[in-house]
Structures are given as C-alpha cells and as structure tokens.
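Across the two complexes that follow, subunit A remains constant while its partner is subunit B and subsequently subunit C.
Then we have the complex of A and B:
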C-alpha cells in the first residue's frame, strides 16, 4: 500500500449545472411554499405597520414609527395584552404540571395496549378544530341548556351564567384552553421522558426509593429540552389564541375575553386600521420571541453523555 | 452477612418463560459468576436479584431477609451496569456520592467514603470531570466507585467489561478480583465470556434457556462437566466432539470405534448403553497428543490439518478427521506440521468423555488423571 498522502491529487470533479442545482431544485417546492405563506405575509405586515393605512381612506402613506406609538399607547391594546399574559400565566403552569403528571402516568403504565389507548385519547383534543371547541363550549357552559350547570345542579349548586359575567367567562376560557392544550404538553413531555436512558433511571432506582430525588436530580435534567419546547410552543399558542375564544363569544362579554389577537382582528377588520393593527401584530411577535429566548436561556440545558 | 438464596425463581414475559425454577445459594463473600450464551436468562436473573425485574414465582432472600417484594434500593445491593449508567450531567464526585446524599448520610462521612473509594480506584484526579470526559476504563472505575461507597452487602455486575478493549479487560479483571479480596463482599457477576468466568469466579453457574445446567468451581466444571453443553461451553478452544459407535460395554468401560477404525475403551459407566448405539466422545484439545507422544496413546486417528496457528508458547492445529469432523489439537511449544498435511493424533482413553443421546455425561469409573 502506498502512502495515501503521496498519491497524486485527483482533478476537481467537473459537475454539470444540473448536478450543482439538484439540491436547490429538490428543496425548491417547500422553500417557495414557506416563503409564500410564511415570510411574505410577515414582511408585508412589517411594511403595513409603517404605513398610515386605513382601508377605504385612500392609498397607504409611509408614516415612520407612528403606528407603533399609537399601538403602545392604546389603552385597549394594553388591556388585551395584559389579558393575554394573565391567560398565559394561569394556563402555562397548570398545563405543565398536568402534562407532567400525565406523562409520568403514561411512563409507569406497563401495558403497551393501555399506553397506546391513552396516547390516542390525548390526541383527540388536539385533533378537534378550535372553532368547534368554542361552539361546544358555548353549548356546554350555557346557563339553561348546558351540561355543566346540569351536573352542578345534581350536587345542589344553582345555575351559573358562565358566559354572562366577565370573570366567569374568562375562567371558562382558561378551563377550555387548559383542556385543549394539556394533552399536547403531555405528549411533548412524554417524549422528553423517553430520552432518560433506562439504565440511568435504574441506577438511581437502586440508590433511592424516594420518588422526588430520583425525578428532580436524574430525570428532570434529561427532560429540560422537552420542557423548554413545551414552554415555547404553549406560549406561542396562547399569544396567538384566537379561534376558540372568538367562537365562544367574540371576546365578550364586553371585552372580558378580548385577548390581543381578537383586539387586533377587531381593529383591522372592523376599524379597518390595517397600519396600527399590523404594528400591534409585530409587537406581539416580538413579545413571543422575547419570551421564547428567555425560556431557552433559563431552562435549556442538554445532557450530553 | 449477605448470603443470597435464590429459591425456585421463575419468570415469564407473556407466554415466553425466561427463567425456569432457578434454585441455588450464594455464600457470604463468594464471587459467583453467571455464564451462558446470549438469551440464556443470566441478566434477567441478576436483575431479579437487584429488584429491577419481578419474578412470577419463587423468592429471593438476601442476608436472611426475604426481599422478594422489596424495592431495589432497600435490598442492600449495588449494581454496575454494562453501559456503566453514570449520570451524565453530574461530575465523577457527584456520581459517586449521589446515593449517599439522597439517603442523608452525614457529609463528613460522605467525604471520607468518597476519598477512600477514589484512592482505592485511582480516580482521585478525575473527581471534577464529567463522564463524557472519561475513557471507558475510567467510567468503569467510577461506576464501581459509586457501588463501593454505599457499602452494600452484595455487588451485582452486568457484563461490566464487555465495552472495554482486550488489554483493559484483562487488567480490569485482575482489579475486580483484587477488589473482591479486599472488600470480602458477596459479588454476583454476569458474563457471556467463559474466560472471565473461569478466571474470576469462586463458583460458576452455567445457564442455558433459563435453566441451570451446572453449578461448580471453575476447574470442577472444566474437568467434570455434567453434560455436553457445559463441556462445550467451558474451555477455549472448545472441547472436541466426535460421533462414535459403541462396540462393547464392560466393567472396564465403554468400547467405541473412532473415525478410521481404531477402538478404545473409555473408562466410564454405561449401564444403559447397547453395542451398535451412537454416543458422542468428547476430548479437550490439550489432551490430544501430537508428534512423538502420539504413538504412546491408546489409539491414533489421522487428522488432516486445515489451519495451523502458531502462538509462540503453544500451537493450535485445526483439522478434520477421515469422517470430516472438525478437531482442534493444542500442543505446547512449536509444531512442524503444515497446512494439508495428515498427521497421526493420539487419543488417551482415560481423558475422554462420553455423552449419551440426551447429552448427559457418563460417570467415570475412576477419577480422571489429568496431565500436570
């Protein structure tokens, strides 16, 4: 065998144009689709947010950052953002704790059949269209006809006008949001839990029979990337929550359930102020990104063995 | 005291039974090795002792206490896994002391035990490193260190050396034996490598298909295998097996015909054998004679060499008999034979084994006299 270092270098391969373009051609369809439905609307929204653009009031005129100042100083927008954050702060921990409990229950389930069945059950809320969930909520929480009041009546509690009072309407939205998204969190955490190597878990099992030290010191570190993913997803889902809440009662009563996106929809398609609504959308996007980065900075740690 | 009593343990996964009615005792301070081919149930048995698997029937008694239904942590056992199973996000020191910390051992005591274990295993300089920064051998030491500090009554090892290279494996083997002498604890060790079993064990448990084939001291298994499986499994190179026909059964033993016609009388009892029947003759490679000594043997067979391995201190001649049966002969020193050469090989009747149709070893009429 001759020394590979002393072999003559091969001439650089001549590749045809098609050969060079092949990778790009392969990804082109999905890339174009992504640009068309993802990037273009975002850039267009940024463009609109810099225009004085009220539909039916003449062509858009560039007005610098005025829309952003209007957006930030709008009391209604501030309230809707605050409402969204309250929704997030209440639902996120509950979804995380419930999701973790379900994931752990799934993990401890030894029957593969039962495990599969539970996983399928978890997919149901995710598979139902949010608008349908909204309509079902309207029916279930109806003061006269709803099953919730019927069940409460059976244990002697008088009917509650769930969707009539601001506080109970918001509480209803909180409950339905948790019902809709906890299974998703559970599936993400279940996947995260499956990244704990079985022998490592067993090594800990041999050292302590107490559940908490084993969970916090051994399993949790492996789950952090999954937990961070669940936080990022759930925050994004809550920040852009629209269809389910809209279907329940369009942000009402009054503005009790008017979260940020419903407020923006109102401004854009009823007030026709596309410029300010676009600026508010971009502000929500920035807020989501800031929160996601914060989670990643605080919680994301990879265990590399 | 940490003797172990395995009492009629059976274990099945659905319809598939992996352990059949296993019963034996491990004495306090004994180094016992479970050995057998892949899938024989040795790891399952070890995990059942650890409490990581539940048996369907039977009970396990450790140190006089019935621990069958106890959780693993309460059994007073420590286990070293094949993959080491170190906690990757913790340093070596944290790995070793985790179990003590969660069990609220006094910090000064933890420190003392960590120091003692690290010194004993020569890993003092590695204490601040993470497992990924360690070599296979170092990880192995940390895994052992994690076991030692807990001062368990029983150590369980699940093929701990199989991920190491050959040289390191030999070194760690010696270290584990030294560790056993030093600690005097009961150790249960699982391996598929019969050399590990032979070199480390006080006693070996040979398993096949979830059943115990034989239990005994290494040389006892080597010299007195109870059946063909144990005879073939223990020893490297393996025992040679030749299919032979019974010529006569007498008080002197069983006379059989070897390939090529020579007859020898193997001094074993064969009350149920009849002339004309088939049995298997087993003989270890080092008990076959080559060269000048071959003529002095009880019988000679012709073997055509297919491969001659010269290892310096010894030579292995791989060949086939006239009936095409493969045979290995081990001779100390060097040998002039070459490939395709047909050589006479001497067979000493007193060193042969006979296995009946069920694979059982026929009892020798007098103890075999092995050459020193």
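Then we have the complex of A and C:
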C-alpha cells in the first residue's frame, strides 16, 4: 500500500483559521458520504446480526449472539464458505503461475507487436461485464450445442456435461474465474517485474547463465510487494464474487456453485432472515480481513513495521 | 543445437504462447459478437458455421424490445451520475490527502482502501432495509449512492497519485501571488490533472456500469433496471432467444471494453490502490 506519509507536502502557510481547516474542508464531503454509506451500514449490519429479525415476522428482537451460533452451525453456510475457499485455493495458484508466465512473456524483448497487443487485450476480461461472462459461459459450455464440447470433440474428448453435474459445474466456475482474473494478476505481476532494476538483472547474468536461480534469487524478492498485492486483491475479488457465478446458474445445479455471497443474498432476500444473514456477512468480512492480514504477514513483513 | 536454432525456437515459443493467450481472451468475445449476427439455428449449428451471412435481426429485436434501450439508458444515467458525484467529493479529498499533513490522515486513507475491498453484502442488506423504509427501492439515487463505496476509493487513490506529480513549486508560486488554498486547487492543480480525472472516471464508470448484485436487489423494477440485469432477464423463459441475448450482451459490454482499452495502462495500478507501479 502506498504510504501517504511519504508524499511531498505544501509548506505551512499563513496560519489563518481557513488554513488550518483547509485539509478537513477538502476531505469532509467524501468522509461524510463514506460514513453514511460505508460505516453506518456496517454498524447497522452488526446491530441486525444481534437481533432475531425475519422480514415480515414482526419487529426485530435482541437475541444475544444466537445468530452467530446459527450461522456457524448452518450446514449450508459452512458449505458455501467451504466452496468459496476451495474456489480460492484452486484458482489463486493457477492465476499466479499463469499470470507470472504472461508477465515474463511481456517482459521479453521478442515480438514487440504481439506483446503490445497482449498488453491491451489483457484488460478485456477485467472490464467486460461479469454478468455477460456468465451468459456466455451458459452458451459456450452447453453440453450438446456448445462450442467448447465441439472443440474438445475435435481432439477426441467426449462431450462433458459442464453445467449439469455438481462437480463439473463447479469446475466450469473455476475455469471461468481463472479466465476472468488471470489477466489482472498478470498485469499486477508485470508491473512488479518492471520494478526489478535492470542493472541488478544484468549483474546476475554475469554470475550465472541459468534462468531459475536468477529468477528466484534476484527478481522474485523485488516482486514480493507486487505478489502480495496480487494475492490480497485477488482474494478480496474472489471472496466477493457474485455476478458471474450467479449469471451462470444462480449457484446451481442444486447448490453446487453457491458461493458465500450467493448463499447470504439468498438467505436475506429469498429467506428474509436478515438476522442470520447479517451475522454471516460479518463472519465473511472477518474472514477476508484475516486472509488479507495473513498474506501481508507472510509475504511482506515491512508493511507491519 | 546451435545457439541460433535455440534462439529461433525460443522466439517461436514466445510468440506462440502469446498467440494462445490472445486466442483464449478473444475467442469468447468473438463468439458473443458472432452469435449476435446469427440466427438461432445458425448459432447452434454443429459443427459451428465459421462463415455465414451476417444478419442484424437480433439487434433489431433487441432494440425493438423497449426494455433493452431503457436499461441501457438507465445504466448510462446511473453510471454518469455516480461517477460525477464520486469525482466531486473524491477529487478534493485526494488533494487534501496529497498536500496536507494532519492527524488521522493515514487512518482515513486506509479506511478508504478498505471500502474498496469490502464484502458487498455487509452494505447491501442494511442499504436495502434503509432504502425500503425511505421508499427508495427502485430509485436510481439509491444505486448512485451505494456505488460511492467503490468509486470514492478508486477516485481518491488515483487522484492522490496525480496531485503528487504536480510540482509543489508551482503551488508555492501561486501562494506568493496571493491565491488561497482553494483557488490554488481549482485554478492551478486541477487543470494539470485532467488526464487523471479521465482515467479515474472511466475506471470507476466500468465498475458502476458492470454491477449486478446491488442493482439486482435495489432497483429490480422494469422501469429502472440496469443493463446487466436486463441481460439476465431473458433466462426465465422456456426458450432463450440466444442471438438477441448476445446482441444485448454486445451492446452492454461495448462501452466498458472500449473504456477499458482506453485506460489499459492504469488498470493494474488503479485496482490495487497503487500497491504496484
């Protein structure tokens, strides 16, 4: 994270009241807005999570931490969190490895035109509407009429019922998630790779011709902040994934692709159980904060110091 | 193997690898646009027709369906208003953070970044309850407000970066000329960061335009629903008019793809709140 304390500052000017209030006048509008739409709702969610609150079933009643016990012991919630974590554990390493390969390919001296083209095209999966990605997935992964099975058939693989069975539906979500987010990881890693000073790289080349030691001992340490950023942000994006997965088949078949956010959305707006859904949201929030802090501890100690 | 051959192989593998990635990225896009120019039987022909007489029927159908145009219009209004609001409150904040040292600056900064990473349901449920009480469900203003959760952090981050690159000497000179801080901000610094304004507007606009979850819950009504929601609305029927779905999808995604390409250099830096260069 960029450190605001290292920014160049204006020297203190005439110490009028207006001067002293100036920073706060600049910041106040956004601060008030974010307090109203960011902090207040969060406090409201904490409050709701402590109430027995089912929409249409009378006024909310305080019930201690019961909702949290209901949430933690709910089989469906456990499964949806587990699914989210499995999605994370499978996609993250794949995205990192593929993203690193793409970043290294962009870093090479060969084929400048192709590299330029790739740099531009990498932004497409990030910018394209996730709901549309979901629709395209439905069309392309169709068992009988989809182009994916047709292409697989050409290389002798028999048709897969991608969307029909629970396991393959989850595998489809994994594939599409990797398609959607590998370019983001690649762009972040590519930016991180460009922070390796060329003279250090060249000095290492004099030391050894072999690629791996140069990569792991010289480039990787320089890239650690970038890798941490990719992990932290990609984890946040995966934890809050909803649009694309929902558009494929609303968490189905059954609950095969029902990730945590889809589960909570369903509980709150189809099951009307605001109390327990709020408790589950808070638990997800805590989980994502814990994951982000763990990465920063593991990979990027300086930040905490 | 001679060094020349080894080098030639390396070059070939490098180019081939890039081409494979390009095909993986672009093929779904091609399939969407191609599908929008086909008829239903053609779209599902096996083996697929790689050449065909393109037809605009699907687009005519989509545009004739008043829902699609209205949804695109709604998305445009919501996105432009949300971005405008985000810029109006976010840009001064970025200036304040970039140019002043004050207590709580660091905390405010980290809190803004946290909002960008927030799990959306934490905000969505209370927003829904509050909006319902205020009779603001199906009101575009509700969406415009809730999108500030991610627009303000994006704008503030990108603009702090921009204001940092304005030489302090320039502002000091203006100070000597008797301009106060607010005049300096408006007349000296702001004109110098217009490229940054455009980038943060486009980047935050992409996320506002693409949102499904908030729009799905807060503005579900026929009159007010947004583009990503309308794209999904066909799925209820018994037979899905796929060419029309693909035509709608193409119309929905065209602005964000063009916008994304226009600012592709800043995407990694913007989305990671400046954690990478």
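Here is the rule we go by: the second predicted complex is superposed on the first by the 273 of 305 C-alpha atoms of A that agree within 3 Å, B and C clash if a C-alpha of one lies under 4 Å from a C-alpha of the other, contacts with A are read in each partner's own complex, and residues count from 1 in each chain.
To be clear about the criterion, a contact is a pair of C-beta atoms (placed from the backbone, for glycine too) under 8 Å apart; a residue touches a chain by one contact, two chains touch by 3 or more.
Remember, predicted model here, so these are calculated numbers, not experimental data.
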Based on the superposed arrangement around subunit A, label subunit B with subunit C as either clash or fit. fit
Contact-wise, after the overlay, does A:178 reach subunit B, subunit C, both or neither (first, second, both, neither)? neither
By the touch definition at the top of the document, which applies to A:268: first (subunit B), second (subunit C), both, or neither? second
Is A:129 in contact with subunit B, with subunit C, with both, or with neither (first, second, both, neither)? second
Winner by number of subunit A residues touched, once subunit B and subunit C are compared: C
Could you tell me if A:85 is touching subunit B, subunit C, both of them or neither one (first, second, both, neither)? neither
With the two structures laid over each other on chain A, which partner does A:218 touch: subunit B (first), subunit C (second), both, or neither? first
Could you tell me if A:152 is touching subunit B, subunit C, both of them or neither one (first, second, both, neither)? neither
Touch test for A:200: subunit B only (first), subunit C only (second), both, or neither? first
Between subunit B and subunit C, what is the tightest CA to CA spacing in Å in the combined model? 8
Would you please give the residues of subunit A that touch subunit B in one complex and also touch subunit C in the other complex? none
Over in the complex, which subunit A residues touch subunit B? Could you list them? 197, 199-200, 202-210, 213-214, 217-218, 221-222, 301, 303-305
Complex contact set, residues of subunit B against subunit A: 50-52, 71-74, 77-79, 81-83, 85-89, 98-99, 102-103, 131-132, 146, 150
In the complex, subunit C residues that touch subunit A: 10-11, 14-15, 17-19, 21-22, 24-26, 28-29, 31-32, 35, 44, 46-48, 88-90, 92-93, 95-102, 105-106, 108-113, 115, 117-130, 145-146, 148-149, 152, 156-157, 160-161, 164, 168, 171-172, 175, 180-182, 185, 206, 209-213, 217, 227-229, 231-232, 235, 242, 245-246, 249, 252-253, 256-257, 259-261, 263-264, 267-269, 271-277
Within the complex, which stretch of subunit A touches subunit C? 1-2, 4-5, 7-11, 13, 18-19, 22-27, 29-31, 33-34, 37-38, 40-42, 44-45, 48, 101-102, 105, 108, 110-111, 114-115, 117-136, 138-140, 144-145, 147, 150, 179, 183-184, 187-188, 190-192, 194-195, 225-226, 228-230, 232-233, 236, 239-240, 242-243, 246-247, 261, 264-265, 268-269, 274, 277-278, 280-282, 284-285, 288, 292
